[in-house]
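Two complexes come next, and they have one chain in common, chain A, joined by chain B in the first and chain C in the second.
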Partner chain A sequence: MQVTTTSFKVEPSNQDTVIVRIGKALDFRNAAEFKSTCQTQVRSGARNFVLDFSETGILDSTGLGSIFSLYRQVSPLEGQVVFASVSRPVQVVVQLTRTYKVFRQFPSVDSALETFE
Partner chain B sequence: MQSVKLRLTNRITMVDEVHEYIQKWEVDNGYSDKVLLLRIALQEWISNLLLHADFGDRPIEVILDTWVDGELIKCSIEDNSVGFDLEGENSDPTIVEHDGDRGRGLWMMRQVASEGLSYEPIGKSRHKLTLSIGDNPDLWDRILSS
Partner chain C sequence: MGQNSILIVEDEHTLRRLLEYRLSKQYDVRTASNGEEALARIEERAPDMIISDIMMPKMDGFALQNAVQSKKETSAIPFIFLTAKADEQSRTKGLRTGVDDYITKPFDIEQLLKRVDRLLERTKQFKSQLDARISQDFSQRLIPKNLPNVDDYRILFRNAPKEDGGGDLFDWIEVGDGTYLFTIGDVMGKGLQAKFYAFSFFGYVRSTIHAMLPTTTSPAKLMARVNQALIDDSTMEETFASLLLIKWEPASNTITYVNAGHCRPVIIGPDSSSVVEHSDLILGLDHETDFKDTVIELKENMSFVAYTDGLSEQVLSGGKMVGEQGILDHASRVAGKDDPIDELLTSILSSSGTPEFADDILVFWLQRTGLNWFAPFANAG
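Entry: the complex of A and B
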């Protein structure tokens, strides 16, 4: 079932994997909502998260922190968090913070999903 | 080139007003890659002020000023908080051993600021952050090759 929150759209891909369409911004204003949305998905059995940044113009350090929080949640469950369709503003933040060391990036959501099949 | 000032007093709309200001500044002046770095720095600083600054019982007031100086975009951000110690947060959030999420925003700001960050008192309960955004060719090379 697709879930749309104020800021995010969550689409299950399979039992373990969900796509989160980040939308225009993931920052200090909606990071808590991102955390709780993802926690709900983890409680429902999701382990792998594909974050779609195709429409994202703002990713700040608080937003990034909420992604690290998700990463810390799913890593012990052998889950993964990956980035897909990374927009230029998000790519700059990824490079500045060197988070490419932690989160794999894929050119599209479909190519990211292939790794979980 | 003339500076462009913006006075901000509303916590709810402050971030959106800043992004509208940057968008207008970019339309008027160009410099799109540098403006993207300016946008990142301002987002971090405004969120820092809104989340962590102590304004006492005063209504919040933040004044942005942006101008071009040669190859640099320069920016100052005045606020009426009691201020921060920028030097107190120097941990590197990009190392694997980094514990928690603290310091990442300031780290990002230091990465984009060509001549460092300066945050100084400019009067009673007023402080001013100044930063310059340059070409940062290393960063763009990394992005193009990623």
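Entry: the complex of A and C
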């Protein structure tokens, strides 16, 4: 089943991997919603998260913080959070915080999914 | 933004259902048929407002209101009485401490909705004013009032917190003979919650530094310990922060510094300027993060400039952000001025075409003057 919230589309890929389409922005306005969307997924068994940033123009520190929360939630469960189709504005934030050391990046959602097959 | 929750307390089934139906279009509504049930609902989760009948079996509206009033956690919940008693006596009794409105049955539902709306809006405004005051207080405490005073050096600092901004922090201590340690950080998130985390985080950084100083003054070692503490403590698990720890030894004109995911400082020299390249992962993410010290020698007339992302993320009139290169360009241009920070801020603001910064800003400027030979001339003039 496809779950649609106002800004995040979640698509299950396999038993423990989901794709989260980040819309135009992940920032202080919708970070709480992102968190609860992901928490629901973790509770129903998702471990690996592919975040699709192809349309994202804004990622602020509150938004990034919500991704960090997700990372801290799934890493003890041996899950991963990876970034796909990283847009230029997102790339800038990732560079600044050196978080590319933690979140692997892939050119597309498909290539990211291959690692979880 | 969550929906406001309202608890309706009414013994008459039809009216209760009607209110529930109408109010639930806008609010998260729960119901109870008497005071006792209402208290149980409140115990489960405190509502943002209570609308209660007066005459009810078991526990009436007055008793409910007394109970709600007497508990600290619930006494601030807006309370509206609904009653069939139109007589003056009951009205007077109803308009007592802690009752915000009094509506007589039969009532116009639109009228009720309006009043509910207005009351919730007023409560929200009151709360946001309170938040602003607390936030102001936090912001002031996160910044020290004075700066070290050392010959041949000039230290400048400026910050401008926003009410709804995040948690920028700045601190310094003298760690030994003429050696200083500066802390510059930014806790992720916005608003009061970020400020609160910044405040707790600040305490962490301070106590970690104090505890470890007898063993080490290496910024990288201190940083690793702060990171570990942050990850081990579950109450801080939502706290992610970028941090710069800067050890400054004026006697040897060196800066030893470590950067955990913070905006990279710039070095402004008389002939050339550059970004301090090395930087490590932001705090709170990975307990195995490796932090590395970078040593910088400050030559005469060199400045070390650190800042928070409110400065580099300021949007210019062309739609682009200032960015690292922008900071470098602007800072190089103002380096020789009397008040370079002031000039830097003015210069960035004029390129962005706005009167003020969109986010919190913080700038730290450390300059080795080394102009002693010039002093006699200056005095003579």
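Following the convention adopted for this analysis, the second predicted complex is superposed on the first by the 117 of 117 C-alpha atoms of A that agree within 3 Å, B and C clash if a C-alpha of one lies under 4 Å from a C-alpha of the other, contacts with A are read in each partner's own complex, and residues count from 1 in each chain.
Criterion: contacts are C-beta pairs under 8 Å (C-beta built on N, C-alpha and C of every residue); 3 or more make two chains touch, one makes a residue touch a chain.
None of these values were measured; they are calculated from a predicted model.
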Partners on chain A (chain B, chain C) - clash or fit: clash
First (chain B), second (chain C), both or neither touched by A:72: second
In the superposition, chain B vs chain C on chain A residues touched: B
Touching partner for A:98 - first (chain B), second (chain C), both, neither: both
Partner chain in contact with A:58 - chain B first, chain C second, else both or neither: first
A:88 touches, of chain B and chain C: first, second, both or neither? first
Colliding stretch - chain C into chain B, listed as 91-99, 145-153 or 307-315: 307-315
Shared chain A surface residues [contacts with chain B and with chain C]: 28, 60-62, 64-65, 68-69, 92, 96-99, 101
Chain B to chain A touching residues, read off their complex: 15, 19, 36-37, 39-40, 43-44, 47, 50-51, 93-94, 96, 101, 104-105, 107-108, 111-112, 139, 142-143, 146
Interfacial residue positions of chain A with respect to chain C in the complex: 28, 31, 60-62, 64-65, 68-69, 71-72, 92, 96-99, 101-102
For the chain C and chain A complex, residues of the former touching the latter: 166, 186, 188-191, 194, 237-238, 240, 242, 261, 263-264, 279-282, 284-286, 289, 309, 321, 323
In the complex, chain A residues that touch chain B: 27-29, 58, 60-62, 64-65, 68-69, 88-89, 91-101, 105
